[in-house]
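Shared chain: subunit A. Partners: subunit B in the first complex, subunit C in the second.
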Partner chain A sequence: MTSTLRIAVSQEQGNTPVTVFRLTGDIDANTQSDLESKAEEVIGAGTQNLLLDLSEVTYMGSAGFRAMHAIAGKLGDEQSATAIKSSHLKLLNPSAEVSKVIKTLGFDSYLDIYDDINKAVNSF
Partner chain B sequence: MEPLPNSNEQLQFLKQSKLFENAPHSVLADIGRIATTVSVKADERIMEKGDEGTSMYIIVDGQVRVHDDDLVLTRLGKGDVFGEMAALDSEVRSASVTAEVDTILFQLEQSSMYEIVSRRPEAAKAIIHLLCQREKSIVHDVTERSFKVRALERELEIGRDIQARFLPENLPQVSGWEIAARLEPAREVAGDFYDAFHINSNNRIGLLVGDVCGKGVGASLFMTLFRSLIRATSLSVDFMGWTASGTGLSTAEHSAAPRSITDRQTLEDSVTGTNNYVARTHANTSMFASMFFALLDPETGSLIYINAGHEEPVIFAADGSTRRLATTGPVVGIFPNAEFKIQSARLDPQDVLVVFTDGVTEAADTAGGRYTEERLLKFLRNTVDRTPAELLSSMMTDIEAFASGAQQYDDITLLAVRRSA
Partner chain C sequence: MPGKQRLDIEAQLDNLSTVRRFIEESCREFGARDGVISDLRLAVDEAVTNIIIHGYQKQGGNIHIEIERDEKALIVRLRDDAVVFDPASRFTAGPPTAQAFESPGKLGIPLIQRTVDHIDHRVTESGGNELTLKKRNGDIFRS
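This part shows the complex of A and B:
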C-alpha cells in the first residue's frame, strides 16, 4: 500500500507571520519524511510559526505524530521541560477519525486544535 | 561548454567514444553524416521513462543522470552512450535522462542507424560490442548488489532473532489462569512488543502490550528499550532482593527493615520512570510508544493498569457484557513529567481480557479497506469461549482472510488473558 501526501504552502499574517501547510492524503511512515523535510525547508527560510491544515488528511499514523513532535522541536519548543503546549505548531480541522487518534495518543494536551483558520492564525 | 564540433572534430570524437572506438574510418564517416548535434541546458529532461523513443545519444561534452524519479541509477559523461535500448529495439524508454550541466550530444536515429548497419558489418560489430559491454557491466552491478543485499539480509536476520528473544520465551503458568500472546511483524523486525511476567515480591503478574511509533529497524531499537525499562523498573524490588512487606528503605541484607512498595507504586514508578528516562535522554529522536501495562493479582482477579495512549483493551465478561479500558495518560517517551493515572478492573471466572495494537484494527485488504475495531469486537464476542491460544490463532486467521493477500502494513500484536477458575 503506497500512501501519498501533498503539501501546499501559503503565508498568512496574524499578530505575527504564520506559514500554513494544507495537507492532502495520508501522514504515515511513508510520507512522514516529506512533511518533516518541507517543515525544515520553511523553518530554514525563516518560518517561526506553523499551522497544519489537516482538513484533507485521510489517515494519520503514529509516524505522523512523531513528525509533528520533531517539527515542534525544530520550531524551538522546549522539549525537556514539563509537557506543555507547543506555541509554534498548531493544528486546523482534523477529521473525526484523526481527532480520535490525536486524543488517544494524548497529543491534544500538546497541540492546540482549531476549526477556524482566522482564529488559528491569530492565536500565534 | 565547448563550441559545437565541426565535422573533423566530430570524427575524432566518434573514434574516442565508447560505441565506435573499434570502428574503421569509413563507418565513422557514415555515422558522422547521420549524427545530429544537439545542445541541452542544465536540468533539461532529454528523455522520459515510458516514452516511445527512436534515438540514441553519445555525450560529446557535459554530464547527464539516468534516473527513475528521485532514484539516480547512474551518471554519464563524455563519450558515454545512452538510449540505445529503445532506439535499437523500438521499446519504451526504461529510465529518464536529465542533463546535470549544459551538455552537447550526438543524436543518432534508429532508421539511419539500421541503414548503415545493413550496408556495413563493421557498424553492426560496433553496436554488438557496445551491447556486450553493457551486459557485462549490468551482470557485474547485479552481482555486487546481490552480495550487498545478502549481507544486509543476514544482519536483519540476526536482528530479528535477537529481538524475538526480547519477547518472553514462556508466558507465566498460573493456576486458574490462561495467558496467550501473538506478535506478527510487518517487516523483518517489529516496533510492537508484549510481555507477561511474575513479580515475586508482590505476587503479581505484569501484563504489557506496546506499540512504538513507526516501524522497521528504528522502531525495533526503541521496542527493546521500552520493553526492558518497563520490566526492569517493575522488577527492581525483585532484582535488589527487597521484599514487599514491612517498611523502610534497606535491602534484604538488612532484612530487619525491607523496603515496602505497593502495586500502585510499582505501576506508577515503572511507567513514569520509563517516560521520563526516554523523554529526557532521547528527546531529539521524537520516538514514543503507546502501551498498556497492568498488574494482575492472580488470587483475586483484580487488576490495576495504566493505559498510556494505547488502543482500549476490552474485557469480555462471562455475563455477555463488555468493558473498555480507556486511556489514562498520553503516550510514553516524549512528554516529560506527563501524568499517568491508575485505573482498576476485575476479572471474574470465565472473563477474558484482550489487549491489541492498531496493526489489528488497521490491517488493510487489497482495496485499502481496514479490518476495523467493530469487526475485531464482533469476532472476539463470537469466539470468546475458546482458550486464549485458540482465540488468538483464529483471530490471526480471520485477519489473514480479510487481508486476502494484501501486504501486511503494520505489526500485529494480541494478548489474551482468561480467568478459568
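This part shows the complex of A and C:
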C-alpha cells in the first residue's frame, strides 16, 4: 500500500486572490514532493497567496513541514536562520492529530491557522 | 495482553504507509489508547524515513520492525544494516529553527524525541543499527 495525496485546487477572492489547496490523504516523505510540485506550478502561474485546507489530511509528519517551508520560501516569505514567518501561506482546519504535531514542533508560531475558510481567505 | 508483532520491509519511501498501518493495527490489538497510537505511529514513520533517506541514502536495504507489548509499555525495535547513526546526537532542547527544515533528520528526530518516552540506540553484531522506542509513561492502555 502506497501513501497518496490528492490536491484539489480552487480560487477564492478576498481582499486579494487566494489559491486554495484541498488536500486529501497523507503528507509523508513519499508525497511531500507532490505538494511542493503542485505549489510550484501554481506559483509559477501567478499565485501569491496559498491556503492549505488540511481537513482531509489523515497523516502529516515532518515531511509536511519541510514542504510548507519550501513553499513559503517560493512565495517570498521571510526565512531567517532562526525563524520562519509566513504571510502568504496559511493553514485551514487541521485535524486534532495534525494540530498536535504542529504544536509539538512549535510550527503554530510560524503559520496562521484558521477554522473558517472565509476568515482565512480574508486574512490575506 | 503481552504480545509481539514483526514486519520486514524494503527500505523504500512508498512502504511508509505500510509501516504506519502495521504500527496502528498492532497498537490497537495490544489495547493502546488513541493518543499513544498516533504518537508511536509518528515516531516510527520519522525513524523509518531517516533510515531510508539518510541510512541507506535511498539505495534500498532491509528494515526489520518489531513491536512488543509488555505489562507496562509498548516497545518498538527497528533494525537495519545501514551506516551507524545514533539519533541522540541530534536531540534538541527547544523548538526547531528554520535551518532544521532543510534536512529531514533535523525535524524528524525532535518529533521522535517529543512523542516517545525512551529512545535507545545500539550497534548490532552485524554493524548495523537497532533503535528502540518506548511508550511507557502514563495510562497508555485502554484496560
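Rule of thumb we're sticking to: the second predicted complex is superposed on the first by the 120 of 124 C-alpha atoms of A that agree within 3 Å, B and C clash if a C-alpha of one lies under 4 Å from a C-alpha of the other, contacts with A are read in each partner's own complex, and residues count from 1 in each chain.
Assume a contact is a pair of C-beta atoms (placed from the backbone, for glycine too) under 8 Å apart; a residue touches a chain by one contact, two chains touch by 3 or more.
The model shown is predicted, which means the values in this text are computed figures rather than measured ones.
Novice: Should the pairing of subunit B and subunit C on subunit A count as a clash or a fit in the superposition?
Specialist: Verdict on subunit A: clash between subunit B and subunit C.
Novice: Taking the superposition as given, does A:100 touch the first partner, subunit B, the second, subunit C, both, or neither?
Specialist: second
Novice: On the A-aligned overlay, A:10 touches which partner chain: subunit B = first, subunit C = second, or both, or neither?
Specialist: In the superposition, A:10 touches no partner, neither subunit B nor subunit C.
Novice: First (subunit B), second (subunit C), both or neither: which does A:118 touch?
Specialist: Neither partner.
Novice: Now for A:26: first (subunit B), second (subunit C), both, or neither, which partner does it touch?
Specialist: Only subunit C is touched by A:26; subunit B is not.
Novice: Of the two partner chains, subunit B (first) and subunit C (second), which one does A:37 touch, if any: first, second, both, or neither?
Specialist: Neither subunit B nor subunit C is touched by A:37.
Novice: Shared contact residues on subunit A, subunit B side and subunit C side combined as an intersection?
Specialist: Residues 1, 29, 61-63, 65-66, 69-70, 79-83, 104-106, 109 of subunit A touch both subunit B and subunit C.
Novice: Residues of subunit A touching subunit B in their complex?
Specialist: Listed in rising order, the residues are 1, 29, 32, 61-63, 65-67, 69-70, 73, 79-83, 104-107, 109-110.
Novice: Which positions of subunit B touch subunit A when the two form their complex?
Specialist: It is residues 211-216, 279-280, 283-284, 286-288, 290, 308-311, 327, 329-331, 334-338, 358, 362, 364, 368, 406-407, 409-410 of subunit B that touch subunit A.
Novice: Please give the residue numbers of subunit A that touch subunit C in the complex, ascending.
Specialist: Listed in rising order, the residues are 1-3, 26, 28-30, 59, 61-63, 65-66, 69-70, 79-84, 97, 100-101, 104-106, 109.
Novice: Where on subunit C is subunit A touching in the complex?
Specialist: It comes out as residues 13-14, 16-18, 20-21, 38, 41-42, 45-46, 49, 52-53, 94-99, 101-102, 104, 107-108, 110-111, 114-115.
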